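Inspection log for the structure reproduced underneath, given as structure tokens.
Each chain gets a letter, A, B, C and D, in the order it is written, and its residues are counted from 1.
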Amino acid sequence: MSVTYLEAIREAQARLLREDERVFIYGQDIAGKFGGAFKATKGLAEQFPGRVLNTPISEDAMVGTAIGAAMEGMRPIVEMQFADFSSIALNQILNNAGTHYYRTSVPVPITVRLPSGGTKGSGPFHSQSMEGLYSHYPGLVVVTPATVEDAYTMLIDAVQIDDPVVYCEHKYLYYHLKAEALPDDKLPIGKARIVRPGRDLSIVTYSAMVHEALGVANELSPDGWEVEVVDLRSVKPLDTDTVLASVARTGKLLCVGEAFPWGGVTAEVVARVASEGFHLLDAAPARVNAKDTPIPYHPNLWSEHRPNKSSIAAKARQILAE
Amino acid sequence: MLETAERGASSSTKAPPHERYLEAFRWMLTARVLEEKLASLYRGGMIVGGVYLGRGQEAISAACGMFLDKSKGDLFAPLIRDQAGRSAFGEPLLDVVRTYLGSAKGPMRGRDGNIHRGRPREGQLAMISHLGAMISVLVGRLMAKRMRGEKGFVGLTTIGEGGMQTGATHEGMNIAAVEQVPLVVVATNNHYAYSTPNDREFACAALVDRAKAYGYEGATVDGTDLAACLDVIGGAVKRARAGRPPQLVVAEILRLAGHGEHDDASYVAPEIKKESFAQDALQRAEKLILDEGLLGREGLQQMRAQIAAEVDAAVATAQQEDAPHASEEDWSALSTRELADQFA
Amino acid sequence: MLETAERGASSSTKAPPHERYLEAFRWMLTARVLEEKLASLYRGGMIVGGVYLGRGQEAISAACGMFLDKSKGDLFAPLIRDQAGRSAFGEPLLDVVRTYLGSAKGPMRGRDGNIHRGRPREGQLAMISHLGAMISVLVGRLMAKRMRGEKGFVGLTTIGEGGMQTGATHEGMNIAAVEQVPLVVVATNNHYAYSTPNDREFACAALVDRAKAYGYEGATVDGTDLAACLDVIGGAVKRARAGRPPQLVVAEILRLAGHGEHDDASYVAPEIKKESFAQDALQRAEKLILDEGLLGREGLQQMRAQIAAEVDAAVATAQQEDAPHASEEDWSALSTRELADQFA
Amino acid sequence: MSVTYLEAIREAQARLLREDERVFIYGQDIAGKFGGAFKATKGLAEQFPGRVLNTPISEDAMVGTAIGAAMEGMRPIVEMQFADFSSIALNQILNNAGTHYYRTSVPVPITVRLPSGGTKGSGPFHSQSMEGLYSHYPGLVVVTPATVEDAYTMLIDAVQIDDPVVYCEHKYLYYHLKAEALPDDKLPIGKARIVRPGRDLSIVTYSAMVHEALGVANELSPDGWEVEVVDLRSVKPLDTDTVLASVARTGKLLCVGEAFPWGGVTAEVVARVASEGFHLLDAAPARVNAKDTPIPYHPNLWSEHRPNKSSIAAKARQILAE
């Protein structure tokens, strides 16, 4: 048996629906036999009648409704059809969900699932990585699973957390990533993971870019470079301790993210390491991000717009040469 | 009066039980006296932040709060001109003045101010500023109650004619109809959104036509007429509770104050002040009380004095109380403290 | 037929001039033949990205494009099912296939795909995906033209019944009425938004009631009836051009394809396929052409062959052309190159 | 004669309306005698009939309309009543205005004015600094004037630029800041300014925090510390050269911003300096931001939530002591 990243998301939701009667799922085209644009809820509406509900094309109201239900003790999961459409719900997410506990002491345990990141031919409005927007504002937990196991356990954790969680699932990993089985144990949200130990350079990254980074580490290995790869897993909170411990080992930092280059996760990581781990660094820390244009539709352009093995490897070699 | 969005249908004045007039009047007067106090504290520089009054809107607002019953699980999502309704729904005076005066004991503990106050656990939602955003939140609470098997509850929210033009209002009103939740939306056209008159807000002949456009039952009411407000809003609450589709009541009045107390409202056209919807609902209600013989002038005086004393007592209490101290904050926006990010 | 939002009023079939039938039919057939080609290229793996067809929607869409006149300054903001209208408005076949086949010479130069293509300077807006977002953009263009003293122009945009529920649609439709711009909104209720049927999209009895709610003039039309579409949409364009309020036309059909070519639409309820609105507009139009004696079977065959040849020629051209190359990009999202931020 | 920051904004708009017939202003309550919630358009509607227009409460449509008008060759200025309400227009700003030139080669010269930043008693929804959200996405120029002169010249420049500009004006500066007269010359958008030269520490900041930083520089001066203060002026594009040149002189960097602490301008600045100017740094770079909660209403809390002279000075002394 093997499980894809997408199946892990479906299984996590099935388990949540089975074990926790407070859970329901709310989103566009997720119900019926159809089961969602990406099939992340396939079969669930039939299995759990009345608990997987189609909504109008109303992202603001979808999240608002979930917020209200959460105040009443429910544990709604909102599926955005694409992360990019969450721009319509951003006000509810930042200003309503994100502020409610601080203002009133009443927490808002919603989980908003964002099918994120680029895939071939998806273009500017079906490819975005929005974790940087949501992490900037207070009151939200923002997670970015990179593995089948994390996709599963972190979604279960997300729903169990009493606060709003933005769960960024990467569409490219849906089918590309397989595991033997669903995991029994887990690392909690808030902890980063060393996915590959090394001593020469720390590549700190998250989501689909973890796999590009691993590819680069393998590519550099025959040349004698031992690259450590750190998967942040959650970008807010950011596990600075694990990152610093890695940089303490390697002395060198490359931070890689698929999002746009101004600000975002890579800026936050580099700024923290520079501030809190300045004396650990033997070379200038560096970043690889996407380019500062909308995400192009044509694969020839897209494959250069996003960070890729060759751009990451080039930057890695440059740091290693210092 | 219930209507299916026929333009210009006028509101009924069929009298509801007399004893509710007096109760309603009391909430109206409470709001007026309290808000006059707040305005004077504001002028005296005692209040941090803005003061937004419901002057002229008290009949509508009182009716909004009066038919809701916490013991039935009812919910209220008020906005900035709903003091009468808040009080009728059970908000203690102390909650109000503590918030305005910045007491750490207020329901928002100094973290949010004045008009945003609420007690979500007790059914009163705490609005955010973005107009229309609370409608879908209320819908979600109503859905959740139904999912849990509760019955007989209703939710009511208010909106201005300006706020009706936001995308959030549209999505929220529509989703309520799709979910068929027991919701009442009371929209008040007070002819201005801040300084902006109706002709730059919308161009439909009657806002109540939105009812039909969403699949609501719609009604209009003269917001200066307490009896009509009780009748129409009470009727809408009753219908929602009985399982009818969501209800839209559109009330008409003139805003009888500035947008906030910082605003002299000199932009209000002089002619509009002569319109019948520009009457003061409180004065009209006072006349009703006297005409119906529910109280005499002396009784009214006593009621006002009693309310004023309660308000003064609340103010006196709140003024003694400590303001929040930053040193006592642990600065976490998350209830799950261990997930709060750490910044150097 | 013009109506003030009376529910259920049926569309007129008053015949417009006969010569327009043939013209309209040509655009419908062009769209159908072109889209069949695109679908087959898609199945052959020749197209990057999605393919969304307007199958069944051709009568409405052709009518949307046909009454617009670039020489009058008219503007068209189409969505994903508007191939017939795009062609009628003057979009070259090469623009279409270049975009789908990823030629660098397409109007979007590989930067955006397929259905998002447009030529804003030539009056055809380039949609973003977020439904409803283009309405206010069109309003702004119409306002600007008026500010500059232009006259006699009109703007038309399309929306699905699903897209009508977004906040952007609400704000855009309302602001158009406030600004009284010469706008026509053609809404097609094809009974599904992707897989979602009407009952989870809205709960009003008739979407055309939204017209009255915004202060538009409203009309309904049977979207499978070409003559009616020409009459009703043509009438709406005429009224908007003549300075009447914004116009809302609500057409009814069944989507006769998947949401996109990746979608087998197996969720479509079998019963709905028997409804009269589920007829194929193209077949009905073909019958009309034959019945009216505008063309014989042979003429139809010739027309189809000619269109197919044009489509094939465009495909052949585009297939020869280079794809965009990253090495030729200077990666600037700003036209003011010197203000582009520099990243190490 | 003296001119406030607010008057400079009004005068810039008056001049634009006078000299450029393509300009109009669109926003809530900006017309009539009223002239806007903050009076930034006072008198303009009367002076320029039909060119200062009130809108419904519809931020998405306000910006959408401006985008359309800009495509037709106009130069609309959109006034948000408060920056915080631009969350409703964020989709139009990021996904429509920000992508249009790249997608179609047709630029969208709109200017969106955001009355930004905290003032006493304004609370979580009337105090936000949103430059970090808008800078993260491609296709926008984001400016943050800190002086009366910049408020004037940068608004004029913003409207003249062929691309969309988000103009973040700070509400606290409206009345607090005065200049002798409107300026004759200017620094272009995209260039930072050394507002106070120094040799021991560079405080890089923008908007209202420039004045806090100057206060701190003065406070530290009697102790013999010469603090250089850099006003970024525009946060996108970010004038990395001027920042690096400053750090080259002082060897030490403190970056101060009023926005939330995760990501944003300060992260981007520190990350760039760490990457591109690593060897210029003699000590760990540091940041002072607001706290990671909604902006509290009560002044006792708000004054501690935002960076202030004492928190900035404390951090500055810490770096100087290294």
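In the analysis below, a contact is a pair of C-beta atoms (placed from the backbone, for glycine too) under 8 Å apart; a residue touches a chain by one contact, two chains touch by 3 or more.
On a predicted model such as this, the values are computed, not experimentally measured, just so you know.
A.B. asks: Which other chains touch subunit A while also touching subunit B?
C.D. replies: A chain counts here if it touches both subunit A and subunit B, which gives C, D.
A.B. asks: Determine the centre-to-centre distance between subunit C and subunit D, using the mean Cα coordinates as centres, and give it in whole Å.
C.D. replies: Once rounded, the distance between the two centres reads 40 Å.
A.B. asks: Take the average of all CA coordinates in subunit A, do the same for subunit C, and state the distance between these two points in whole angstrom.
C.D. replies: One centre to the other, that is 36 Å.
A.B. asks: Distance from the CA centroid of subunit A to that of subunit D, rounded to the nearest Å?
C.D. replies: 30
A.B. asks: For subunit D, write out the residues touching at least two other chains, lowest number first.
C.D. replies: 55-56, 58-60, 84, 87-88, 91, 95, 98-99, 102-103, 124-125, 138-139, 236, 238, 262, 275-276, 286-287, 291-294 - these are the residues of subunit D that touch more than one other chain.
A.B. asks: Can you pull out the residues of subunit C that are in contact with at least two other chains?
C.D. replies: Residues 108, 111-112, 116, 128-130, 165-168, 171, 174, 178, 200-202, 332-333, 340-341, 344.
A.B. asks: Taking chains as nodes and touches as edges, what kind of graph is this: line, ring, star, complete or other?
C.D. replies: Basically all the chains touch each other, so complete.
A.B. asks: Applying the document's contact rule, which stretches of subunit D touch subunit C when the two form their complex?
C.D. replies: Checking each residue of subunit D against subunit C gives 24, 50, 55-56, 58-74, 76, 88, 91-92, 95-96, 98-107, 138-139, 141, 161-163, 189-190, 236-238, 240, 272, 275-276.
A.B. asks: In their complex, what parts of subunit D are in touch with subunit A?
C.D. replies: Residues in contact with subunit A: 84, 87-88, 90-91, 94-95, 98-99, 102-103, 124-125, 132-133, 135-139, 236, 238, 259-260, 262-268, 270-271, 273-276, 278-279, 281, 283-287, 291-294.
A.B. asks: Can you list the subunit B residues touching subunit C in their complex?
C.D. replies: Its residues touching subunit C are 5, 165-171, 174, 177-178, 180, 199-205, 209-210, 212-215, 245.
A.B. asks: Going by the contact rule set out above, which residues of subunit C touch subunit A in the complex?
C.D. replies: Touching subunit A: residues 48-50, 102, 108, 110-114, 116, 128-131, 162-163, 165-168, 193-196, 200-202, 266-267, 323-326, 329, 331-333, 340-341, 343-344 of subunit C.
A.B. asks: Of all residues in subunit A, which touch subunit C in the complex?
C.D. replies: 28-29, 31-34, 37, 53-60, 84-85, 87-88, 120-126, 261-262, 286-287, 289, 291-294, 296-301, 303-305
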